[in-house]
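First chain A sits with chain B, and in the next complex the same chain sits with chain C.
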Partner chain A sequence: MTTGAVILAFNNEETDYVTMAAWGARNIRRHLGIPTSIITDCVDTDKLVDFDHVISANAQTGGTRYFEDYDRTVTWHNAGRTDVYNLTPYDQTLVLDADYVVACDDLKRVLNATQDFMCHRYALDLTTGYQLDNLNKFGDYNFPMWWATVMMFRRSNTARYIFDSMQMVRANWQHYRDLYGIRQSNYRNDYALSIALGIVSGHTLQVDNIPWPLYSLLPSVQLSNVHEDSYQIQYTDSQNKLKQMTFSGLDFHAMGKKHLEAVIANPS
Partner chain B sequence: MGAVYETCAQHLADSIRQFHPDANITVVTQDLLPHGDQGGYVNDWQMFVASPYRQTIKLEADMLIASPIDHWWTMFEHRDVFVSTGCRDFYDQPVTTRRYRKFIDDNQLPDVYNAITYWRLSSTARDFFNLVRSIFENWDEYKQLVKFPEDTPSTDFVYAMAAQIMGPELITMPFASYPRIVHMKRYIIGTQTENWTQELVWEQDPLRVQTVAQWGAFHYNIKDWLS
Partner chain C sequence: MNTDALIIHARARFDHETARRVLKEKYQARMLFAYNGGMWQAGPELLTLLQAVPVEDDVVLLDLYDNPVKINPAELQYLALGRWQEQMNAWLVEHNEMSRKR
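Up next is the complex of A and B:
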């Protein structure tokens, strides 16, 4: 059985996701010891040397989105994620966002799990230690959200049904917006995944979650690199005080792409 | 029990029979009250006398049962009395808002919901319902002991007082995660209006709300929903 990671990377006006993914691939190899494939429309071979497989695909936009760290609205090429099941070259696949930082081997536990599909249920704000309550649900009636940032799946009926359902949601996005009371017009993978998990679980919402939270840094948090796998963050707390924290050996989701790009461009 | 409640009770009985065709179910109407109609909530204690069973589960009329519940008997068999505590939303998450429970919190009473109450014929159950009766019938005196803004107490409040007096460990199972009702009140489920049936997407048979399959006891509150 083959196991590997897959990162989707489609650059837009502001963010070089491919370079981010290449840096991520090196971290994945170092900590998890598995190959990494990229699904991209990039043809610059110099940028693709870190990947074991380069899978060509056209960018599929889910709309435009305002990114706080860039202070502007950019195109969001997020709609191709539902195709991962068909595009992955592996029997067991770890799908990671390009802005997910692998800094330890925690995800080996997910790879060793017997489940056919796993993802995170809760995101946790690293600066407060509390769950991101407003992001862990969506729609007017607070449907629980599962995060598509990290997904592990095996070739299996369950995983196929989940990705097929995500495609159905994407293809009928307006209908599902109405059904779940989603005000944003943009298609979003996290929402599609959550809806799909609802469908595949027989609408019971009994889902195999990754048994720890998705540690996350909001876009407003300043991120810098102390040394390999060690990061420093600066942020303003709820009392408007400037705070600083250093952590090592912890995977996290860097929602602020701009800061992560700076870390990758200027490693310490 | 008014005509609306009788219709609700019939739907509840039908929902139970869907999973347990042989279940013994009695719908207690006003004409069956052994001590006559004393008016509204005050009749509640009479259920203890009216029940023809050695072991009884009393359910509020405006509920549906959405899955098998025969395992409840196993849960209850070592208890003389059980009154459910806490409730959940239609996502099966424990309800955290205290908006509807201020009177419970103000008086530091157990967070009981009489919507699911069990008893076996026992001295504990008799004492409990005698106490419930006493509180209802002597409310003017009991009212001096507590902070309660209304003239007439709710059944939940009276049950909570009775549970506190007899000992919550005897009457409730505070660490039990079930059975708990799904409560469809506005500030629990986050709807814009009280009438969720006109705002949320729902299906019957099987019962789903906003696509989510329901299980256990579903307290829909909107009395004319199924009429």
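Up next is the complex of A and C:
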């Protein structure tokens, strides 16, 4: 059985996701010891040397989105994620966002699990140590949200049904927006995944989650690199006081792409 | 040299409370491990349970996902105890290091 990671990376006006993915691929090899493939429309071979497979695909936009760290609205090429099941070259695949930082081997335990599909149920704010309650649900009816940032799946009926359902949600996005009371017009993978998991679980919402939270940094948080796999964050707390914290050996989702790009460009 | 950035940096206090919470989350996650097709969490609860079952026979326990898994108690106890001690020690080291930060 083959196991590997897949990162989708489509650059937009502001963010070089391919460079971010290449840095991620090196981290994945170092910590998890598995090959990494990229799904991209990039044709610059110099940027693709860190990947074991390069899978060409057209960028599919899910709309435009305002990114707080750039202070502007940019194109969001997020709609191709539902095709991963058909595009992956592996029997067992770990799908990661380009802005997910692998800094330890925690995900090995997800790869060792026997489940056919796993993803995170809760995101945890690293600046408070508490769950991001407002982001862990969506829509007018507070439907629970599963995060598409990290997904592990094996070639199996369960995984196929989940990705097929995600494709169905994407193809009928307006209908599902109305059904779940989603006010934002942009297609979002996290929502499509959550709706798909609801459908595939027979609306019981009994889903095998990754048994720890998705550690997350909101775009407003300043991120810098202390040394390899060790990071410092600077942020304003609820009492408007400037705080800083360091952590090491902890995977996290850097929602502020600008800060992550700076870390990659200037490693300590 | 950007003095403004330097002053802001110097004023930022280390957030001990959040760091402690994050450290706890980190090490609770590290207590998890896969064995015999099940997912387990090393800790007092599992270790106590394993002490209560006869070691010479295989027994069936519910894993983290509520799936019944046949396990060898001695094997699982060895793995759980090893992981628990290892991660608690690492937690202590990081905790002590963090306590020294301003």
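Before moving on, here are some points about what is shown:
Going forward, the second predicted complex is superposed on the first by the 268 of 268 C-alpha atoms of A that agree within 3 Å, B and C clash if a C-alpha of one lies under 4 Å from a C-alpha of the other, contacts with A are read in each partner's own complex, and residues count from 1 in each chain.
Simple rule for what comes next: a contact is a pair of C-beta atoms (placed from the backbone, for glycine too) under 8 Å apart; a residue touches a chain by one contact, two chains touch by 3 or more.
Because the structure is predicted, anything quoted here is derived from the model rather than measured.
Of the two partner chains placed by superposition, only chain B is touched by A:Y180; chain C is not. In the overlay built on the shared chain, the residue A:N142 is in contact with chain B alone; chain C does not reach it.
By the touch criterion defined above, A:T204 reaches chain B but does not reach chain C. Annotation for chain A, partner touching more residues between chain B and chain C: C. Of the two partner chains placed by the overlay, only chain C lies in contact with A:L250; chain B stays clear of it. If you check the complex, the residues on chain C that touch chain A are 8-9, 11-15, 17-26, 28-30, 32-34, 37-39, 41, 64-65, 94, 101. On chain A, the positions that touch chain B within their shared complex are 140-144, 179-180, 195, 198-199, 202-205.
Within the complex, the chain A residues that touch chain C are 106, 109, 112-115, 124, 126-130, 208, 211-213, 215, 234, 237, 241-250.
Residues 91-93, 189-191, 200-201, 208, 210-213, 215 of chain B are the ones that touch chain A when the two sit in their complex.
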